[in-house]
Amino acid sequence: AWFHRSSALPQSGAPPLPQSSFFPSVDGVMLPPGTFTNRVAFITGGGTGLGRAMTTTLSHLGAQCIIASRKVDVLQQTAEEISKATGNKVHAVQCDVRDPQAVSQCVNQMEEMAGLPDIVINNAAGNFVCPSERLSPNGWKSITDIVLNGTAFVTLELGKRLIQKQKGAAFLAITTIYAESGSGFVVPSASAKAGVEALYKSLAAEWGRYGLRFNIIQPGPIRTKGAFSRLDPTGAFEKGMISRIPVGRLGKPEEIANLAAYMSSDYATWMSGAVIRFDGGEYVSMAGEFNDLRRVTPEQWKMMEAMIRSTKGS
Amino acid sequence: AWFHRSSALPQSGAPPLPQSSFFPSVDGVMLPPGTFTNRVAFITGGGTGLGRAMTTTLSHLGAQCIIASRKVDVLQQTAEEISKATGNKVHAVQCDVRDPQAVSQCVNQMEEMAGLPDIVINNAAGNFVCPSERLSPNGWKSITDIVLNGTAFVTLELGKRLIQKQKGAAFLAITTIYAESGSGFVVPSASAKAGVEALYKSLAAEWGRYGLRFNIIQPGPIRTKGAFSRLDPTGAFEKGMISRIPVGRLGKPEEIANLAAYMSSDYATWMSGAVIRFDGGEYVSMAGEFNDLRRVTPEQWKMMEAMIRSTKGS
Amino acid sequence: AWFHRSSALPQSGAPPLPQSSFFPSVDGVMLPPGTFTNRVAFITGGGTGLGRAMTTTLSHLGAQCIIASRKVDVLQQTAEEISKATGNKVHAVQCDVRDPQAVSQCVNQMEEMAGLPDIVINNAAGNFVCPSERLSPNGWKSITDIVLNGTAFVTLELGKRLIQKQKGAAFLAITTIYAESGSGFVVPSASAKAGVEALYKSLAAEWGRYGLRFNIIQPGPIRTKGAFSRLDPTGAFEKGMISRIPVGRLGKPEEIANLAAYMSSDYATWMSGAVIRFDGGEYVSMAGEFNDLRRVTPEQWKMMEAMIRSTKGS
Amino acid sequence: AWFHRSSALPQSGAPPLPQSSFFPSVDGVMLPPGTFTNRVAFITGGGTGLGRAMTTTLSHLGAQCIIASRKVDVLQQTAEEISKATGNKVHAVQCDVRDPQAVSQCVNQMEEMAGLPDIVINNAAGNFVCPSERLSPNGWKSITDIVLNGTAFVTLELGKRLIQKQKGAAFLAITTIYAESGSGFVVPSASAKAGVEALYKSLAAEWGRYGLRFNIIQPGPIRTKGAFSRLDPTGAFEKGMISRIPVGRLGKPEEIANLAAYMSSDYATWMSGAVIRFDGGEYVSMAGEFNDLRRVTPEQWKMMEAMIRSTKGS
């Protein structure tokens, strides 16, 4: 029964909790039109999932976007679709972020097409669930090479060129709520994302003087094919996840996109070195030792209260 | 020389760093007009400083605001000024948050005037610099009673009534960047603010099921009379503070207000239990062990590099 | 069925997990005999539970101990029993830590009997589980006044006198694993303990120059009557708690006592501002988003692996 | 003048602060003799610095030690010297932890010589100060390959074999105080160490059921040739570091060794997923926003107090 659903990501998964009606999502773009006019944004992994949503929002707000990942066909289709919807240019550039030379060439292309970026979003990643005792050195590297080294190569390459040209920029990295706590069964991802957070906090301190700022979003669970097909292939895990999210539902790519756009905008120029958890409250709900008491009924509480009151001494 | 400036808060303090030109502040309101139409917002300490700025922004966006603190004349003047500027009602209610009964009466008044709030901002606070060995029990309580107990009384009172009426709401608390790390010389504030953060993270987990969400902003230094006159009465400290802020300048009340408005809006309904540091990068800059190396010149780096390269073994 | 056990704390609760055989507890004293000869230790709440265990260990190691709390009869019996077992003096002093004057008088008595302490352990606390919407302002204060104000009054009073006399000391506070994350249903405790942690980290920074150092233990669940009768009065919660502890068992007071003795000893003079979680791994186990996958069987993993491998694209 | 000292690590660097007389270090071994009899300990980077100190302490306490790193001559000399001093076997095994195959062969050798370990200390690391804009992809990898991948390869290899043989073990990783905050100028190290912490917290949660526990020490500055020659080649930085350490002095390798031995012993079987900062208070001292006020004199405090008292309103 735990594997009752097919691996093709269904349109809709487990139902939200009742309280989610208090927490409706807003899909519309939040920032004022034209916020990013004449700005260039570079988004890794921009062809799918959250990267696609962030690109869409930035493009709607006037940015010229460059999206980069391995699958050039996916990128091109996304670029076209977004560009058509927003009327602003979206460029697709093939780039495997694990390869420093590929990164360098990709930035060359960007410089030619659009110039160095004002906004950089390190969003590309890989991940899959796996008991750690089944993990080979190659399995380990297949994730950390993308997430940690890839982010570093992109960030160092762009940082050096921006510094050289005395151009400011806002960097954003997408990590995860388990980057700080760690988590079993996604260990290479946890380690690599923690590394990304330290990288960004370090550079926020070091490179502010060059006009660069660095911030982080830690998303909780948001249904994308890339993430869910490798983290919950059977669909059996989703219900339990929702049941512990205080807001009672998964997040939506558009919600991340609005937050990311804010953080990348001039409304947030004073933000650097920040780490924003955006997860419907899942993290604090899991981490707090007595939160399971949510299952206790009002009648049971009355009885427990009476027992506690009658306790004498220590 | 360290006390060369008068205690009257000067219009402008220490100058920003050169890189601040990369990080211009935007004073305009970020969210779409009408975002808070038909919403009621309750802001403690809304008569001055950051509270006043947040009230102004919410009011501009259509909210009916209730501001509460001890000095009713200050509140009334602020209420009038904002209301005049925005065209929306701002109510002034006297309330000392240290007194649970006063809090309860204040909420009664609010219910009559505007109903229970959709947005609650716990912003009232007290603070002053003082070596801890000079701190009496009363000195300790003069801060913690406002910051921790005051926030708790307001939050519990409103939470109970909202739950009772099955009404959802977004709570926001204003803490500080030293709530996690602690800090000497402002110890009661550090302790109380840490308590507020735990309160909010706890309730984010516990009260999500009732339609309530809870988030936190940790501001870095923002020039307000209330804060700076008690934290840097001589003005001697400000320059050092700016020198370690990567973004090279203090924050502005309007920047906090835009962030607070976002967090209180439906664009952020999926945000709960989040703690957002907003400080120009000051925290990571102070905390990172090797950040003082920013003082090393390029020539010195070359020499150090040569020395490191020539090192053999461990 | 959830309330099947009596409120009298049974000798043994839920059984440990199989892996606990890998993690045997050692009850014996760890530090070399005489480690605390000629040292004076002050332990609040030293009459029961963890405080009693820490007092026992310090006394075994040669310290002259002063234990203080409200119930003088309990204190006196404990003092006698420990003193008899170890051959070293243990003094019982009545003191309600919520009352600054009582604290001052208690320290007067200690100074007369033994001099100012070399070791201070802030261990006194109160706590009970309760939905926050059932919490009155008095309920809130009944906990925070002991935990936060009580710790502050003891710490400030002793700190001032030690500084005045130019005497060094090691301070230790006992907090909890939910001080950082917060937790529903124990909200006043979470807030007050977070405040204690900030207090200690702040003073570690500020008062080092006076020869004082400050550290923290965050215990996970350890079966004491004081804690368990108010946190799990029915006994229904314990099994769930154990099931998520990686080490597979509750902690023992003697284990805390050995850690506390180490941190208070000269072996740890370089330790200050440290926060040591000691919880069998419970915190990381709860907090990590994918740790529930521990329930997946090896056969299920094989199938999931196949599904993941067959996934194409994002 | 900042480069006034030679790169050869002098016997003694900058002098300690006056308060350090309150905080004498104890060099002797803390745990009871024979604590590790019949235990096998594996220490990477055990030939020098902190690794050598930890090996010495474990060996004194009865453990059979295996030390592994790249320089086999250094290892052999250390092994001989320690073995001679303690009377217990110390084996030297050449191993570059960046190479999974080398790690596997090293473990083969260990299994033959001594069996699988009861204690594993991941201590090997590389680091050097460098402005990030001068860092090449190879420079980045030269550190992260040792620190993060190396630790992962060692941990996964040993974990798998221990699980297979149903043998319990205590793992310890040596990270750094800037792993959480990040730090400029040592960015690859900060990122990789953060990754190691997430790895350990993750496995603490996941592998407890197999009898394995995982803990972390974050050392502050301890004068070793390996660290200081690459982090402070000119010696110019040390004085500033000491000036902000509340305890007023650097740490000593023996102090780390006693803590590490405790954490690896059965006295700490209930400890897993813990992160212990051991740094003389440096971290909290740097991170706390108002700690610079330590420079204010008593006379200045009196004046500031008067100014604050005379402030009216906000």
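First chain written, first letter: the chains are A, B, C and D, and each begins at residue 1.
By our rule, contacts are C-beta pairs under 8 Å (C-beta built on N, C-alpha and C of every residue); 3 or more make two chains touch, one makes a residue touch a chain.
It should be emphasised that the depicted structure is a prediction, and the values quoted were computed from it without experimental measurement.
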- Query: Any idea if subunit B and subunit C meet via the same residues, over half in common, or different ones?
  - Reply: same
- Message: Please compute the angle of the rotation superposing subunit A on subunit B (C-alpha atoms), rounded to a multiple of 5 degrees.
- Response: 180
- Message: Taking the mean of the C-alpha atoms as each chain's centre, how many Å separate subunit C from subunit D?
- Response: 26
- Item | Geometric centre distance via CA averages, subunit C-subunit B, whole Å | 32
- Between subunit B and subunit D, centroid-to-centroid distance (C-alpha), Å: 37
- Indicate the residues of subunit C shared as contacts by at least two other chains. 131, 178, 181-186, 190, 201-202, 204-207, 210, 220, 273, 283-284, 288, 291, 294
- Task: Just say which it is for the chain contacts: an open line, a closed ring, a star, complete, or other.
- Result: complete
- Message: Give the list of subunit C residues in touch with subunit A in this complex.
- Response: 2-3, 7, 45, 47-49, 71, 74, 128-131, 134, 176-178, 181-186, 190, 220-221, 224-226, 229-231, 233-234, 237, 240-241, 282-284, 286-294, 296, 300-301, 303-305, 307-308, 310-311, 313-314
- Query: What does subunit B use to touch subunit C in their complex?
  - Reply: 100, 131-133, 135, 137, 140-141, 144, 148-149, 152-153, 156, 159-160, 163, 178-188, 190-207, 210, 273
- Of subunit A, residues touching subunit B in the complex: 17, 19, 21-26, 30-32, 168, 201-202, 204-213, 220, 245-249, 251-252, 255, 258-259, 262, 266-281, 283-285, 288, 291, 294
